[in-house]
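Below you'll find the structures, each written out as structure tokens.
You will see subunit A twice below: alongside subunit B first, and alongside subunit C after that.
The block that comes next holds the complex of A and B.
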């Protein structure tokens, strides 16, 4: 990998090798600023007959080259570097989730403490966590061993004990893993990588427990003290081993690794990276979601703390049937404002599962798919909130004043009232025929409170920018700001349950938009405010309702517009839809009409 | 662009099948290149390390973990039978000794002086791989398995439940549009592969299980029926390990849908033949579809998949089946492939094609919503 002075970088080529598609983008320095200029895509080629990821990469790059009128490949399909006029690029970078991405098994002594920290480290590195083994996971040792044997992870992260804490329980975990002789997923020719990130004093006996069948390495403890998490070293080691072992055994990756100017990152790891960078730079709290065919990833940064979850079986094609099974058809149909037959829908869902590449042709099919998406996103966000918590097991000092309010450890750090930016990506959100539908799906599923800016990733560029941020942060941030995000607008929503028939809040808007009025309980309103417009919104909530300043207290904020505009939401939180007490179909129809979801 | 690529299912009257039969872990291959094998012959086998019985012996004996090695009456690597005295505590001044007699058989694998835990490993578990289809061993992959070459009629389904099965082909329906109902399942179909026409009903499947059929193949199934048969709502399309008493394969999709005529006629022409079927389906990266393989005597087979749904390019005149509502299951020919994207009823913009149905009607559908079938 060559070392290049960032100031000399004019042209950047980036690819993301997904399970089905390899996407390539070109970033060029235009008038002193980095801009994303062209994109191309081609089917990923990790499987037979090509069985070489670089074939898909060169195909995608060829498309970009053709569109850009720039020669990027030489006669031997090698990427030309450095750039020279209308030829070549200065750096080439890539992410990958092909072949199912990075799959890991994690283990820790206490499920809610060290095991949770290990899981956070693995997820943050971009892995799918297949299972979490802990001393208190309610399974008997032989059941845990059986489970380890059944799984074929790419690597294992073993944690446990604070530094100087328990040795016995950590060794006990090692004694479960060692005899199980876990087999790596790809081929039986390489040794299973196991990362030890637990009590430093247990390292020697842990080392003695394993034989030469595994590739054991040690990094700093993920939980050196109960009130302190140290995920960085474990994440770095995961990335290192991902490249050394997993990627190197996937078809064609040895070649791809030699092509890139920065280490290949797992796609979700790269997305998390850019979201963290943005949240840190702007001092905001942000949530990002990527809903795919098989999985839904949720990323969040609250008060500088990054979390990622992957809901492995919540998705819109391969996993659509599982969404229906988990959410129930009743919960899906509560978002549907037209008549549909359940038996027919069940068959349609299964037909989508077995032929995942089909697209909705009729409006009815689209409405149903977007209803399924709301439930998939809602369930994924619930899982995220349950996972992104403060550290459990931390002793807290109470004062008399805290007597009634003191939280125990393990509270979710995801706070919708503090959420500033909600970013959507993934087919059903990115390719919705109207951006209003994207905004509505986000609001219904995530239920943001107070003032929240809504945006979507224009062409799922975040993975490319995540890895670019490692080598050229300025370029990554410039492209993120100018070309990656499409702002949908701002949602202003009150928390609490407004009383039916009563005013939920009064609003007054000044700036590029002038308006004032009252929002009654259950109402939704869309006001026109374009992307380059700003407005100051004053909200006066009714007693007991909160818009960010406290119950019943007025608040004023400047908001940005977008492709959709400014959405005022007086439906209350938690959103009650369907069932005996929730909004009925007539009300849902009113919401659909208020946001102009399915009309011009 | 006058054509577009679309994936399809393989259906062939006559093809040379190269069937990879691999062990899950390294083992021993039992045949050689050129050997002739029958479908149920074992071609490779391996032993996976036996089950593990962990036991906290220190606490059972009431001794500290560090003292446990001194109490052991068996050494590491030594064989232990049920009832063997495994360890005995030293007691106090030689009294109050406590013994532990093994409740499991196996080999003593480890004794931990840190946790006080021992590990007994049970008998190795044999794993066998059968040839699955009769034929000739084309290739031996040392320690992994073999490739069997066989001339067969080959039909891929779209979705299945259950694993590998073998049996004679029995035709239960008279035409591909006839639903497979309970009354069409006969006791003489025991051990056979029952071929239906359109939707297989829940009751028909129950009856097939009751008569002991190896497998049931038909055009479609209702999702509610599938839920009733499985006892749960199937979430993810990774199947093959279900144990419902038979293997189920649908060739077209969910709902009331008839089997493609060519597929049905192919089955019709092979009634009475021995078949190998596998319901295992995986719709993820590395897609796996269920299949029915019927060996043929003819040696002149080519590699060309010449019937039913096929992989290829869409072009005017291609025969296609629509695979999404509102026209799910309809069959026709591509009339035209407009280059420009079209706005659909859903409001989305997509590349479309015009399909001419047999009754002369013309429909516009997204290209993503058709699959090519043989003309």
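The block that comes next holds the complex of A and C.
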């Protein structure tokens, strides 16, 4: 990989090798600013007959080259570098989630402590965690060994014990993994990489437990003390082993690795990377979601702490049945404002299971799909909130004033009131016919409180930018701001339960939009505010309701517009929809009409 | 599971209690006149113009008599005039024709005399009597000028009678019935599958966290069940929690250590540990030496435990039981060795020390509620809820009473 001065970079080519599609984008420096200019895609070619990922990459790059009128490949289908006029690019980068991405098994002593830290490290590196083995997971040793044998992870992360802490438990975990001899997915001669990120004093006995069948490496402890986490070294090692072992054994990846100017990253890891970069630069709290066919990824950065979760069984095609089972049909139907029977809903679910890649052809099918999406997102976000917590096992410092509160460790750090930016990506959100629908799905599922900017990833460009951020952060941030995100607008919502029939809050808007009025409990209002417009919104909540300044306290904030506009939400939090006390179909219809969701 | 609507129950209980108290009062008021219909224990004496009626006081412990005197009109008027023309004196003797001593006189009225103007009756309640004695009464009239004379006298001895129930405790009976009824009611409610909400007790939820910390750090879990013996309910409550702590430690394969200051507590702790290890499915990990006796001496015990904490640096310390002056010594030592500490005691004077030095503190009754909180069994949860509701009813009545009293004093009612 060549070292290039970032100032000399004019043209950047980036690809994302997904399970089914390889997407390529071209970023060019125009008038001193980096802009994403062209995009192309082609089927991924990891499987037979091609069995070479670079075939799909060259196809996608060819499409970009044709669209851009720029020669990017030479006669041998090699990417031309550096750029020279209308030829070549300066750097080429790539991410990959082909073949199911990076699949890992993690192990730690206590599920909520070192095992949770190991899981965070793996998820943050972009892996799918297949299972977590721990001393207190309520499984018998033979069950744990059986599980390890059943799984075929790409690598294992073994942690446990603080530095100077338990050795016995860590060795016990190693003794479960060693005889199980987990088999990797790729390659006959592939030795299972095991990363040891536990108690430094247990390293020697752990090393003695394993034989040459595994590729054992040691990094710093993910939890050197219970009071702090050290996930960086484990994440870096995962990325390195992902390239050295997993990618090197996948069809054509050795060639792809030699092409790229920066290490190939797992796609979710790259998405997390760009979100972290943005949150850090702007000093904001952000949540990103990528809802796919089989899984839903949720990323969050609150107070600088990054978390990612993968909800493996919440998706819009292959996992749609599971969404319906977990959420229940009644909960899905509560979002449907047209007359639809549960039987009809079941038929639609089964049809989607039979033909997972189909997209809605009728308005009813669209309404149904978006109702399912709301529930899938809601459930994924609940899982995320449960995972993104403060560290457990930390000694608390108390005063007598804490007598009646006594907060314990393991509290969720996800706080919707502190959320500044909510970014959506994934088919059902990105390709919704109207952006209003995307905004509505986000608000209904995530229930943002206070002032929250809503955006969507225009063409799922965040993975490319995540890798780019490691090479050229400025370019990544510029493209992210200008071309990646499509701002939908801002949602202003009150927390608490407003009293029916009473005023929930009064608002006064000045700036590019002038308006004032009252919002009654349960109301939803959409005001037009375009992307380049800004307005100052003053909110005076009713007693007991909070919009960010405390219960009943007025607040004023400048907001940005977007493709949808400014949404005022007086429905209260938690949203009560359906059931005996929740909003009925008539109310849901009013909300649909207020946001102009299904107008042609 | 449906949440039980507590407020409806409390409202009903308050109303029932109100009706009960009201009806008890009415019954008492109505019962008095009927006494005359009963076989009299009184004697009537007539001397001069007055009529003396002595009755046993209803619903008492056999130490009171009710005496009423129907006076002639002119005597009554003379007594109640602005300038009384004389006084009446009630005398009592414990043998017929014996020495009579003065019990009370009127005027002046010190508050013990009650007047009935229409019937010209004055009455008084005599207390401090016993059931084994016989009593004789005489009423003297002493004009300002002239000799005192007997105007009424009992014709025979009068005895008091001890009743089965005390009349002034009817309200307490009502409260007792309501609280017991609430306990039974809520046990039945819990058994029928209603969800009984119990407030989150952070200290008990932190048990897993504390034991987990000890496991990760490869250190022991220290459990101190207080310095009192098994006859102290706090020690029993502490041992109840020990069973949960020990079970968690057994599941995590962490070492738990229980030094005791009483031999009997050691035995009980051993039994508890054995049961917990068995429940956790690891009976082989149980070692009786995990619970051991140190000394009965308060500070000898504290010195040992503190020293052991400094040497072995346990990662989790539990102080659950009765504590006195040693509470802060233990908690500060635990804090200094970096342990997660969970404390609980019903000694109000020790709570501030625990709150300041420990991570989590079970305050007073939380210690006793722990068992129900951890087990979630309908009987224990129902009992806990029933007691809470009982307390709530009493609190509502206290507040109501204070409010009514205040309004009365301010002449608003």
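Keep in mind that, in the parts below, the second predicted complex is superposed on the first by the 596 of 600 C-alpha atoms of A that agree within 3 Å, B and C clash if a C-alpha of one lies under 4 Å from a C-alpha of the other, contacts with A are read in each partner's own complex, and residues count from 1 in each chain.
In this section, contacts are C-beta pairs under 8 Å (C-beta built on N, C-alpha and C of every residue); 3 or more make two chains touch, one makes a residue touch a chain.
Since the structure is predicted, the reported quantities are computational estimates derived from the model, not experimental observations.
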Clash or fit (per the criteria above) of subunit B with subunit C on subunit A: fit
Vertex subunit A angle, Cα centres of subunit C and subunit B, expressed to the nearest 10 degrees: 100
A:95 touches, of subunit B and subunit C: first, second, both or neither? neither
Contacts of A:135 with subunit B and subunit C, given as first, second, both or neither: second
First (subunit B), second (subunit C), both or neither touched by A:346: first
First, second, both or neither for A:110, with subunit B first and subunit C second: second
Partner chain(s) touched by A:355 [first = subunit B, second = subunit C, both, neither]: first
Contacts of A:167 with subunit B and subunit C, given as first, second, both or neither: both
Subunit B versus subunit C as contact partner of A:58, first or second or both or neither: neither
Partner with the higher number of touched subunit A residues, subunit C or subunit B: B
First, second, both or neither for A:363, with subunit B first and subunit C second: first
Minimum Cα separation, subunit C to subunit B, after superposition on A (Å): 5
Overlapping contact positions on subunit A, where the subunit C interface meets the subunit B interface: 167-168
Subunit B - residues contacting subunit A, complex: 7, 25-26, 49, 51-54, 65, 109-110, 112, 114-115, 117, 119, 121, 158-159, 222-224, 226, 233-237, 253-255, 281, 283-286, 323-326, 328, 344-350, 365-366, 368-369, 371
In the complex, subunit C residues that touch subunit A: 202-203, 205-206, 208-210, 212-213, 215-219, 251-253, 338-340, 352, 355-356, 358-361, 363
Residue ranges of subunit A touching subunit C (in the complex, touch as defined): 109-110, 112-114, 135-136, 138, 160-162, 164-169, 199, 223, 226, 392-393, 395-396, 398-400, 402-403, 406-410
Contacting residues of subunit A [partner subunit B, same complex]: 19-20, 46-47, 98-100, 141-142, 145-146, 167-168, 171-172, 175-176, 178-181, 183, 188, 205, 209, 294, 313, 318-319, 321-322, 324-326, 343-344, 346-363, 365-366, 431, 433-434, 598
